[in-house]
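Shown below is the structure under consideration.
Letters A, B, C, D and E name the chains as they come in the text, with residue numbers starting at 1 for each one.
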Amino acid sequence: MEEKMERNNEVLILENISATYDSGEARLPVLKDISLRLKKGEFAALLGPSGSGKSTLLKIAAGLIRPDRGRVLLNGQESTGRVQKVGYMPQQDLLFPWKTLLENAALPLLAAGMAKKEASSRVRELLPIFGLEGFARYYPHQLSGGMRQRAALLRTVLIESSLLLLDEPFAALDAITRENLQEWLLSVLERFHRSVLFVTHSIDEAIYLADRVYLISERPGRIVLEQPIELPRPRSRGIITTAPFLSYKALLMKSLQSKD
Amino acid sequence: MKKWANTAKRSLPGALAVLAVLLLWEALCRVADVAVSKLPPPSAVILSLYHNASLLAEHSRATLAAVAAGLSLSVLVALALAVFMDRHSWLKQALYPLLIISQTIPIIALAPLFLIWFGLGLTSKIVVVALVCFFPMAINLVEGLEQVDPETINLLKVMQAGPAMIFRSAQLPAVLPYFFSGLKIAATYSVMGAVIGEWLAARWGLGVFMLRSMRSYQTANTFAAILVVVVLSLLLFKLTELAAWLAMPWHRHKSVYPEE
Amino acid sequence: AGDGSSSDAEPDKITVLLDWTPNTNYSGMYAALEQGFYTEENLAVEFIQAPGSVIQIVSGGKAEFGVSYQEEVTFARLAGYPVVSIAAVLQHNTSGFASLKDKNITTPADFSGKTYGGWGSPVEEATIKALMEKDGADYSTVTIATTGEVDSLIVIEQEADFAWIYYGWTGVEAELKGMELNFIQLRDIDPALDYYTPVLVAGEALIEENPELIQRFMRATARGYRFAAENPAAAAEALLANAPELDRELVMASQEWLKDKYQDDAPRWGLQERERWESYTQWLFERGLIEEMIDVDKAFTNRFLE
Amino acid sequence: MKKWANTAKRSLPGALAVLAVLLLWEALCRVADVAVSKLPPPSAVILSLYHNASLLAEHSRATLAAVAAGLSLSVLVALALAVFMDRHSWLKQALYPLLIISQTIPIIALAPLFLIWFGLGLTSKIVVVALVCFFPMAINLVEGLEQVDPETINLLKVMQAGPAMIFRSAQLPAVLPYFFSGLKIAATYSVMGAVIGEWLAARWGLGVFMLRSMRSYQTANTFAAILVVVVLSLLLFKLTELAAWLAMPWHRHKSVYPEE
Amino acid sequence: MEEKMERNNEVLILENISATYDSGEARLPVLKDISLRLKKGEFAALLGPSGSGKSTLLKIAAGLIRPDRGRVLLNGQESTGRVQKVGYMPQQDLLFPWKTLLENAALPLLAAGMAKKEASSRVRELLPIFGLEGFARYYPHQLSGGMRQRAALLRTVLIESSLLLLDEPFAALDAITRENLQEWLLSVLERFHRSVLFVTHSIDEAIYLADRVYLISERPGRIVLEQPIELPRPRSRGIITTAPFLSYKALLMKSLQSKD
């Protein structure tokens, strides 16, 4: 179907994914025939109503759930239903309550075989950027909601993988912290050519960050719109009041509302 | 200093309760004029303890050796069994009935086989202690491992953490409360287990002392030996509590807010 | 197991299993130990109390000798354990049924309507039944209960009315306590019940392979029992030295009571009569407690008593 | 239908393992020509079971009565103790040592007192079973209650829920895994507890049967009684598993994603 | 200081609240001299950087934490550090994993003594409004992030209290679901004259919903701006493009940024 060349250039391919949950009593169709391709270095955003299956799609991409139908290809390799090494950040932060912030964040480094000391200093370097300086030895229950989310994000970006799957990574952050982290994330991506598929409920955020926005319908989720965002990079904050930005915004809002 | 004061304060109600029971018992013996041969008053027990101090110390040494070795062995066995049973469900299904069977057979009924297999020396006592002790830990570990949130394990799998790291980072900490609960039960049983082992066949040990004083109608001596068993068991229990406190630092800062 | 007699060689290590906690029945052996009789035979003897497992361990070869009793040896041999009684520790059966004086149980007929507290052997039932039937009493009115490890003196004071005791220990303890007992001694009622208890046992394999070792052990042991009969106080001290947990007063009194019972009317300490083995086995067989007769000649031997 | 097939399938490895052990044992007995009485081959045990069927049934009835009453009693005692100890920390500190002491004293040493206090009837057996069984549950419950997230309790307090509702809604469900773990241990011990109780003082029961066959070296009969004890214990254990399954419906739908 | 009359009209008064956490190693000052009054029927929003102490302030208002200094008055009654019946919605949804959505939402009704059946039908009535129809019997782990948040909100509004303390109630919702729930919430408040203190990171949301916006500084949090929002009610969505709205927005953004 697709050229070999192009394929190799694509970090993640989802082909005709359908998924259903079996809640014991009833079967709930959640995703319907979703296809999606993410190029190397590309930043894609998923927008859609709550409960439409976005998180499920990310789990399928990470190989944590096997879809009823369809295939997942990671860097050209079929990986449907097999857990892969990807920078997956779940929607619930899933920080381990028995580990300090530092230990939680260092997990991916240790998993990759790094020595404890080195891992710890790597994490400590990044703490200020995430506004977590001074909290290295705090346990998750001693952190605020936004701090937990930042810790989870920090842990995720430390997973060495060309693909990041981020499930509402900034939902619990105030505008300023959010903006700072967005900038930092963009700079990291640029430097290391990582690809991102991320879920958000903020249209502004989606347009500002993404190269491509996918709009998902109500459950069972289908892709109702695939919108490339052709704004120049690097983007500055000012962009959100420019005409092209606002027209993207209007378009997406309309599409979202029409799904009601 | 402060910590010690605290510990002392927390131990006070327990000490008082024990004291109250002892006083009640003493009073009962005196008022109801219970024959010493049936229930010696605490004062007689203390006196006997004093008279037999060096003999009891020697017997205790033998018993403690069996307890130390048997309890350590049981921890290892319980951990190994639980981990393997958790990892391979068929192994769990295969071994579970055998584990239960190992506990439902009264040891005394198998005493001769035990002695033939493990000899008349220390080994058989160690085996009895281990047999008595591993079970509460093994069951608690197996049950605890079933309660571990699969999401945390999935997250580690995404980081490509190996089984050893998954165990260390996610499973072990999550089951530690179960483990220590089981260890507390085991520690409580351990000294009694050694005593039973000594009843089966022995030259030395608190069990020997106890049996001999029982058979020569020196009930106060029997109770003195029981007292030693009780004190040793309580010490082991306290040690377990200390170990739990050290092993689970993340538990220390939680507390429910005062009533109403 | 060595050839033995040269006393400068390493002493042979020997384990003797005790079927109960140390008591005056064993005094002869402790006396032999303390008096150095075993050392003279170049034996290093170790005593281990292993109640309930003596037969299995001795026949399994994990210990050389054990203390048992005729009834157990009979059951055990039937069950295939190759153990042999090599000496009678006491010449006559000193056990019997004890009850509190005020219960007025003086003959087996008085058992009617009473509760017996025992240690759970079927022989107990059969014995009570036999004795009562001999007196023409109705056995079915007796309640049999297990009271396991509970002190018999407590048993007969509490839930049960009578219990089976060894007079030389429990009876003496009752005397010391000032408890007044009625005691129905078994052999007074039925001579068939004058079986040997306790006895020393050894495995057939050992008898076959190293009779000389047994010889040496028995030589010293017999000396020990003779010593105990002549010097009860010293024998009691020997016992106490090895089991300091025991009650000195009881040991002394029991030793005094027992000193003449070791050898009693026998020509030599330890000798067993075929007839008494035969008649008790017969008694057990007749009451269905054993399904076949054992060959009593294989069950005991006097050959190690010089 | 399907459920049954499933249960059967899950029990298979266990049954096979037990069978394997039995076969090995039978083979060992035959090849090594072990005297029947030392270790009777399973075939002899089955035969004895057959011959003594009606007698064993009668004894079993007595034992089961003690088990049923004792186990129920122990559940009540454990629950009551745990709740009160959790609610009042001084009570916990006061009672904990006494609980432990109750377990460290070898029951046989207390047999005379048992006999005096509870007689030869059913009561003494029930007490022994309860004494053996309540402890694993009580400890597990107390430890489990300590692990309950205080935030959930706070939330209920905000709703002005009373202690009873807090217990029912937050604490009990959270400690159920601990409770059932303890109950499994207790169920395993219960029949053996009754047997020991019968050794101490009884007219009827499997313990009496076992003791008689031991005393007369009818080892096959002893093992037949053990077999009955084992089967009864396994049944109780399975019943506990069923109860746990019924009591914790929320646990049924979780699972870790397949390996890799 | 204040008139009795006015006081009675104020549902919540926070007076000079300061709070510090003791993390075991260090003391972390979190709130500094915060005063705030919430009139009957008033809707107040708390804006501020992540980690500034907003959640802590809500917990103090609910009586779940005792401040170092200052007083809390609820309906004129001092309630500092005593848990009160308020509609408190924690930032983490804290749905009970062992209860279905229906059972979770019904908790406040049951706590208030309502019969199970009635409570259940009350909840079922509201499910469609919260977009949770058909999910009554789902357990929390079977719900999406946004659905969990909605369930928690539903549970909160069912707490019968004149005061709602909502901690980022809409953070995980898409724009449309969020708007629907905002409208519903406003209509409920109007009908039942409930007062709300709520935390949000969305400036738009704060202005659109609130009568008064409090801006909190970085940790230790102080109130740096108390801005009454004098937009007419009922407000319509269109309002967010009007000049007064935008000037409020510009003001708040500036104040927030200057705290950087």
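General observations
In this section, a contact is a pair of C-beta atoms (placed from the backbone, for glycine too) under 8 Å apart; a residue touches a chain by one contact, two chains touch by 3 or more.
Remember, predicted model here, so these are calculated numbers, not experimental data.
Between chain A and chain C, the least number of touching-chain steps is 2. Centroid distances built from C-alpha atoms place C farthest away from chain A.
Taking the mean of the C-alpha atoms as each chain's centre, chain A and chain E sit 28 Å apart.
Centre-to-centre separation of chain B and chain D, using mean CA positions: 17 Å. One finds 49 Å separating the Cα centroids of chain A and chain B. If you average the CA atoms of chain C and of chain E, the two centres end up 85 Å from each other. Across the assembly, chain B contributes 38, 108, 112-113, 116, 154, 157, 199, 214, 253-254, 257, 260 as residues in contact with two or more other chains.
Under the contact definition stated at the top, the residues of chain C that touch 2 or more other chains are 52, 55-56, 60, 149, 151, 154. Those residues of chain A in touch with two or more other chains are numbered 23, 64, 83, 92, 142. Of all residues in chain B, those touching chain D in their complex are 10-18, 21, 38-39, 90-91, 93-98, 100-101, 103-106, 108-109, 112-113, 116, 135-136, 139-140, 143-144, 146-147, 149-150, 153-154, 157, 177-178, 180-181, 184-185, 188-189, 191-192, 195-196, 199, 207, 210, 214, 222, 226, 229-230, 233-234, 237, 251, 254-257, 260. Of all residues in chain A, those touching chain B in their complex are 62, 64, 83-86, 88, 90, 92, 94, 96-99, 107-108, 110-112, 139, 141-142, 159. Only residues 21, 23, 25, 47-51, 55, 91-92, 131, 137-138, 142-147, 150, 167-168, 171-178, 201, 203, 253, 256-257, 260 of chain E touch chain A when the two sit together in their complex. The touching residues of chain D, when paired with chain E in their complex, are 151-152, 154-162, 165, 169-170, 173-174, 176, 248, 250, 253-254. Contacts from chain B toward chain C in the complex involve residues 37-38, 52, 55, 108, 111-113, 115-116, 119-120, 199-203, 208-209, 211-218, 221.
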